[in-house]
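Letters A, B, C and D name the chains as they come in the text, with residue numbers starting at 1 for each one.
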Amino acid sequence: MTEVRTLGECRTESPLSVLLGDRRTTRHYVDEDDRVLVDDTLGMVQARRDAGEPLVSFEPGGPRRRIYFDPAKTRAAVVTCGGLCPGLNDVIRALVLELHQAYGVRRVLGFRNGYQGFVPSYGHDVVDLTPTSVSGIDEKGGTVLGTSRGDQDPEVVADCLERMDVDILFVVGGDGSMRGAMAVSRVLAARGRHVAVVGVPKTVDNDLPFIDASFGFQTAFGRASESIRAAHTEARSTPNGVGLVKLMGRHSGFIACYAALATSDSDFVLVPEVPFALEGEDGVLAHVRRRVAEQGHALVVVAEGAGQEHLDDGREERDASGNVRLRDIGGLLRERIGADFDAHGQALSLRYIDPSYAIRSVPANPSDSVYCLRLAHAAVHAAMAGRTEVVVGRWHGRFVHVPMALAVSERNVVSESGDLWLAVLESTGQPARFGDAPATVTAH
Amino acid sequence: MTEVRTLGECRTESPLSVLLGDRRTTRHYVDEDDRVLVDDTLGMVQARRDAGEPLVSFEPGGPRRRIYFDPAKTRAAVVTCGGLCPGLNDVIRALVLELHQAYGVRRVLGFRNGYQGFVPSYGHDVVDLTPTSVSGIDEKGGTVLGTSRGDQDPEVVADCLERMDVDILFVVGGDGSMRGAMAVSRVLAARGRHVAVVGVPKTVDNDLPFIDASFGFQTAFGRASESIRAAHTEARSTPNGVGLVKLMGRHSGFIACYAALATSDSDFVLVPEVPFALEGEDGVLAHVRRRVAEQGHALVVVAEGAGQEHLDDGREERDASGNVRLRDIGGLLRERIGADFDAHGQALSLRYIDPSYAIRSVPANPSDSVYCLRLAHAAVHAAMAGRTEVVVGRWHGRFVHVPMALAVSERNVVSESGDLWLAVLESTGQPARFGDAPATVTAH
Amino acid sequence: MTEVRTLGECRTESPLSVLLGDRRTTRHYVDEDDRVLVDDTLGMVQARRDAGEPLVSFEPGGPRRRIYFDPAKTRAAVVTCGGLCPGLNDVIRALVLELHQAYGVRRVLGFRNGYQGFVPSYGHDVVDLTPTSVSGIDEKGGTVLGTSRGDQDPEVVADCLERMDVDILFVVGGDGSMRGAMAVSRVLAARGRHVAVVGVPKTVDNDLPFIDASFGFQTAFGRASESIRAAHTEARSTPNGVGLVKLMGRHSGFIACYAALATSDSDFVLVPEVPFALEGEDGVLAHVRRRVAEQGHALVVVAEGAGQEHLDDGREERDASGNVRLRDIGGLLRERIGADFDAHGQALSLRYIDPSYAIRSVPANPSDSVYCLRLAHAAVHAAMAGRTEVVVGRWHGRFVHVPMALAVSERNVVSESGDLWLAVLESTGQPARFGDAPATVTAH
Amino acid sequence: MTEVRTLGECRTESPLSVLLGDRRTTRHYVDEDDRVLVDDTLGMVQARRDAGEPLVSFEPGGPRRRIYFDPAKTRAAVVTCGGLCPGLNDVIRALVLELHQAYGVRRVLGFRNGYQGFVPSYGHDVVDLTPTSVSGIDEKGGTVLGTSRGDQDPEVVADCLERMDVDILFVVGGDGSMRGAMAVSRVLAARGRHVAVVGVPKTVDNDLPFIDASFGFQTAFGRASESIRAAHTEARSTPNGVGLVKLMGRHSGFIACYAALATSDSDFVLVPEVPFALEGEDGVLAHVRRRVAEQGHALVVVAEGAGQEHLDDGREERDASGNVRLRDIGGLLRERIGADFDAHGQALSLRYIDPSYAIRSVPANPSDSVYCLRLAHAAVHAAMAGRTEVVVGRWHGRFVHVPMALAVSERNVVSESGDLWLAVLESTGQPARFGDAPATVTAH
């Protein structure tokens, strides 16, 4: 399950030692016997031992002494897919610089606008990525390659990669894009082509499993916390003020939780993982009303994917990526809080802030920049060593190779019994559950 | 028209010279004969001369050698009214520090939540403002005093001021609040009370006349420009991307203009002052569509008060301050642009960003902090010298006293023939007028 | 004195009306009779009248209906000189875009590294400046053209301009660079060449006369205020803490004054314009010591050019621009404060912060970005209308043409009797003068 | 070695379930059998197994179902020691709020100015810490409690704690402060007092072992990266530009490495862990000179503790904390680079930036704020459960209890053979070693 596919034997000596200038470099190569444990508690390790199961571990990332591809003859390609995320340009830049400078791979192509870039009918141009062309792009948000949602026919993508003689494809994208990458890889494998398909997992919502945190997440929740601060300022500056902030988070409330903890001014945090009742003495509305009565104001943070059960009208719409279109929980709460205050004859001054895309279109902060750089280095090392259908991630602080199939097998969510959610409960003072909400929530 | 009402003769020697430690201070006192010209062009001056009219000028702000109030016996009060604006806390802090430290006025009261704070039935407490209590408040957005919209009965407010023995009232607020302040001042004058009522004009929209720029405006448009940058990033990162940003600006498009110029990435800027047609070959919709076809993306910035004529349904709603409730031009544009692309079979990826309150709830930037401090100093100097029904402003770089009646007599708007709007036209490349929009627009 | 040299009659119709799309544009052209008053007080105007003198006024900036150069045949050039300043790239970008898009001037050259760029022996390349090449440069600090200090032989520069067929030269630089520009202009004029030499005045210290504020100044003092905040935090967090911050300001203390006012946490501000005694009961050292004894800590802000009289050892060194090398007043104060506390047996925890170049190497903030854009537009309008040996500036809020000779005729300094310095005295509570410092200070 | 001392049996039921409002809370309590593995690789685990050794693990942090102290009778105290670090106020605030709101501990004292605060002769006051008094302090840098360097007599400190009836002491400080805390704890234990002494480890240099990253580190290197960006801008904007940036890092180069990677513009990074030669063909000076010749500029980042061997003059000075005073490697490099360019007749424009305290005096960024909050929660949980002589940390993403003795047993340094340093080598292109520097360096 944690084993990584490899294109073949690594026979070429890595040029890194030459680059780094002396024999001491050798110490930097990954020890081929090194493995990073997936489990992190004594109990988990002992349980496996007791059950006679082997310990599960990931292959660590990093440079190998011997590599699969001959740099002088290798052509790499980069594509960015799906929604924007802080750090995309850092990743692109670091991929290009590492290929050029550490390995001497001079030919790097950039395909434009996601998988559309491989499909001739869209007519997007292909760009050469060089150290000069990527200089300074990390200071800008977005992706210089452009992006798009949705899959394309893997046969058509494979045709393009063959035609362009691509040996290594770096896909920067989310779970849908990784599924697309696997499909392309299998088509190529079936055709007998040895192409390394390596993913750099991207999700501003931090909802990918087996990854400590996704790149750009810190930047995004940091920006989101500014909206919370603004809403708090508004709510506190007026009698009976309620600040309401809607944040990104389709299936996972990480941005809402972290942004709320960053200021610790929030009174209520609503996430997709924890259902809540609106009505009733222990529902959200009554709690908000009472908090305003007690402290003069209240601050509510809601993830966009929260409380969808309150909006369900039996119909379902999907976007180009096949994601279910979310209903507007922010609008619903604004309306319902207003109606509830009205019904109770209580004055209300509600301020609604929805920063939407503004939290994901910014350049990466310094921490994310470093993380993107190191992820990209790990991706290049993996690809040069012939690993394929693999994503690079950080697990327990170590860079590792996670098979793509595993990386898309489930979703990382805020655990209702974990210490992050506990910190939210402690920081907000909100009840563990609002009202008679169902005891468990199924994954969306 | 530019003459300022004064409570009476200034008989007390200013304590400033003692504070500043030696005789050299005297040079800092305002020369009583100094007057700041209202006109700034040779033509205006000559025209007045030719017409036999006197030159119009403002009284300059600053400390007077002799003052009206005896600091030891003076009680001052501060109230903040209307919507939030960056710098409110800087103004409060600087008023208190200047009263205490420069003049030795030790008793400063803070009335809470705007004019509500003077009305017993609301039950808001009154706070003592001291150097300690205002320490560090300038690092936070909002107002520590709270605020509210709307007037209160001037008789009731005057009762409260009499009861609390207030000699000087500083009102930080917009044109509505200044009208309220005049009403209170007149009640007090009719009762024979010598209370100085001094305004620090506040409008995040920069729509007050006879003031170079309102405090907080720079901070606000600076934040607004971040939303434009985000929308630009989104629009450019996807095929057929349109970024749409709605910004504050009920009657005046200053925030939209300056924020657009700050990044110079905007393709279209729509403001209340310049009407526009949506439909037709030269309407906004066709222009946006063509721009996307040409450069792959487009960026539209719209002030909330723009294009209300397209939303008029004959009904009119007003908020607590008596302002007409604006219809949602952002929503309309989003919908109409979408429909227009659909109708022309053109793909579209529209990103809508509305930072709303997030641009006005932040702390003042350093420039605004300095400006707030100096405005507050000018307000204290004016009040101590017995000026009343006056606001302090900066005109041609000089701090001046503007009679309240004059300050609310008209609205500062973006002149369609001025150099600011020209800069917008040059920077965006948009047409001087969209389609068959009416040639003039009446003030809202 | 305020009259601007013009190359000749303006015979070409401006293409702006076409660009702006209709006849309404005409309203944007500058009225040729419009003049901006230099004086701003009633007294000044009346005094001139009484003396029978004409009123002094500047020619306003802005587009003219008829221009001197035929855009299709015009080649422009840009050079940036002297130290860095926030906004240089904004100016370059706006010059290029305005030339291209508003006037249709397609050939714009960038000379590299200041006046060195015109001198063949340095071997710097010349770059083509196009809308594409300047895209996004405003998001970066510094200057994409590079810069250098010091003059070059005006004959050699003129040779280069002739050789490259340059019709318009934009010089972005300080007073030294403007003197150099005048020299070049005169050489060219003597050779019978009609070249417009237009300056965009640059000085991070804000020390140019007849300009409300220099571009980049707000950004610079904003950054400087962060160092003050850091030093304040350090000083307050430890017993007997003294924060000492050295800021830019060779001859003028504007950065020190504004940065200090922006936080209003400073206890002492020392500037070149106001001499001070170090020793004695009323000297700086005793004041600092007493302030620490009273409030537990103290914060001192010093401009690099302040107190040079305390460092004078009779020798004088000059840098490549011919500026006198300043002695290190920061180091002196650090040493002397330490010795003074020692001598009085008082514990001391001194934190010294010198942000140096870090305040001038950053991108312009949004206010400065707008200002740079508009200055650049004014410069292009002036040049296209054949104005030469002129700098563009803003005076009393209006963009104006200031003859170069006038712009370098004196230095803008903090007036000891003005309201800025008064605000500093009020905000810090420091004495108007320290000790027996000489009553006046001569300009450096 | 990883076992934590506990004051006694936990007999009181935790009030957390009541706070969190229902039975579901129970899921949040830490499972007493849960242990976090210290090792993270399969090889380490197997090696222990092969050697017949038990697996080493930490006790996890988090709330216990039963606690040691009765909240109603408990008095807690907080002290902050040593140099400033971003996040100190976040920690203070979160300790106070968690004690009050989660456990109902109402009496929290703040001792001022580090260990001095316990010593009567210093005369520092003791402050009550309440939710109101800590409101908003997280938005400011520094520590509201003040701090100081150096130890105090543990008997005197213990006397004070006894006198004030303190049951729980939170020490926020570095390794020296933790040694002091252990000494105090042992004195109290010897006197039969049951006082929990819990540390929140603080080190801006990130040099503490068994902690993924220290709080404030991200904020600090983020600020440091701004200086690198400024120096890069300066260096690139002038011919033969060299930017030289000195950053914090006495024994560990983490700030230098991360700040350099954040921009990836640095050409050379010098850290204490990796010795370097200055002279010779492969020394730092020659490399800098060649880099300038090749690319026109160069950027050098040096940690303050690097290259001390080049400054050693046989004398050693120490500060109040007993730390060896570092010699000025920044000044040395500036001088030596200048001399080297001179000697080779090469022009040089060197810009030196030393942000010093400015990187540690700022408020925590959002990521650090969240981390501080969660660390403080863990510290409160640990203390309430009677853990003592323990610090809280994060290990492999989990909050854990690390015995103080272990936490000060060694120093976390940049491993020359680790992937962080490799990333630096790849990003800069600098040689693995400069010249004939000794092959290993002993810990300072």
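Annotations
The definition used in the following text is that contacts are C-beta pairs under 8 Å (C-beta built on N, C-alpha and C of every residue); 3 or more make two chains touch, one makes a residue touch a chain.
None of these values were measured; they are calculated from a predicted model.
Taking B-D and A-D together, the pair of chains sharing more C-beta contacts is A-D.
Put simply, the chain farthest from subunit C by mean CA position is A. Chain centres here are Cα means. That of subunit C falls 41 Å from that of subunit D. If you average the CA atoms of subunit B and of subunit D, the two centres end up 45 Å from each other.
Inter-chain centre distance (subunit A to subunit D, centres taken as mean C-alpha positions): 28 Å. In subunit B, the residues that touch at least two other chains are 140.
Put simply, subunit C touches subunit D in their complex at residues 84, 113, 116, 122, 124, 140-143, 146-148, 226-227, 229-231, 233-234, 236-239, 351-358, 361-362.
The touching residues of subunit D, counted against subunit A in their complex, run 16, 19-22, 24-25, 27-28, 33-37, 39-43, 45, 55, 57, 60-63, 93-94, 97-98, 101-102, 138, 212, 218, 221-222, 225, 258-259, 261-264, 365-367, 369-370, 373-374, 377, 396-399, 416-417, 419, 422-423, 425-427, 429, 431-433, 439. For subunit A in complex with subunit C, the residues that touch the partner chain are 136, 139-140.
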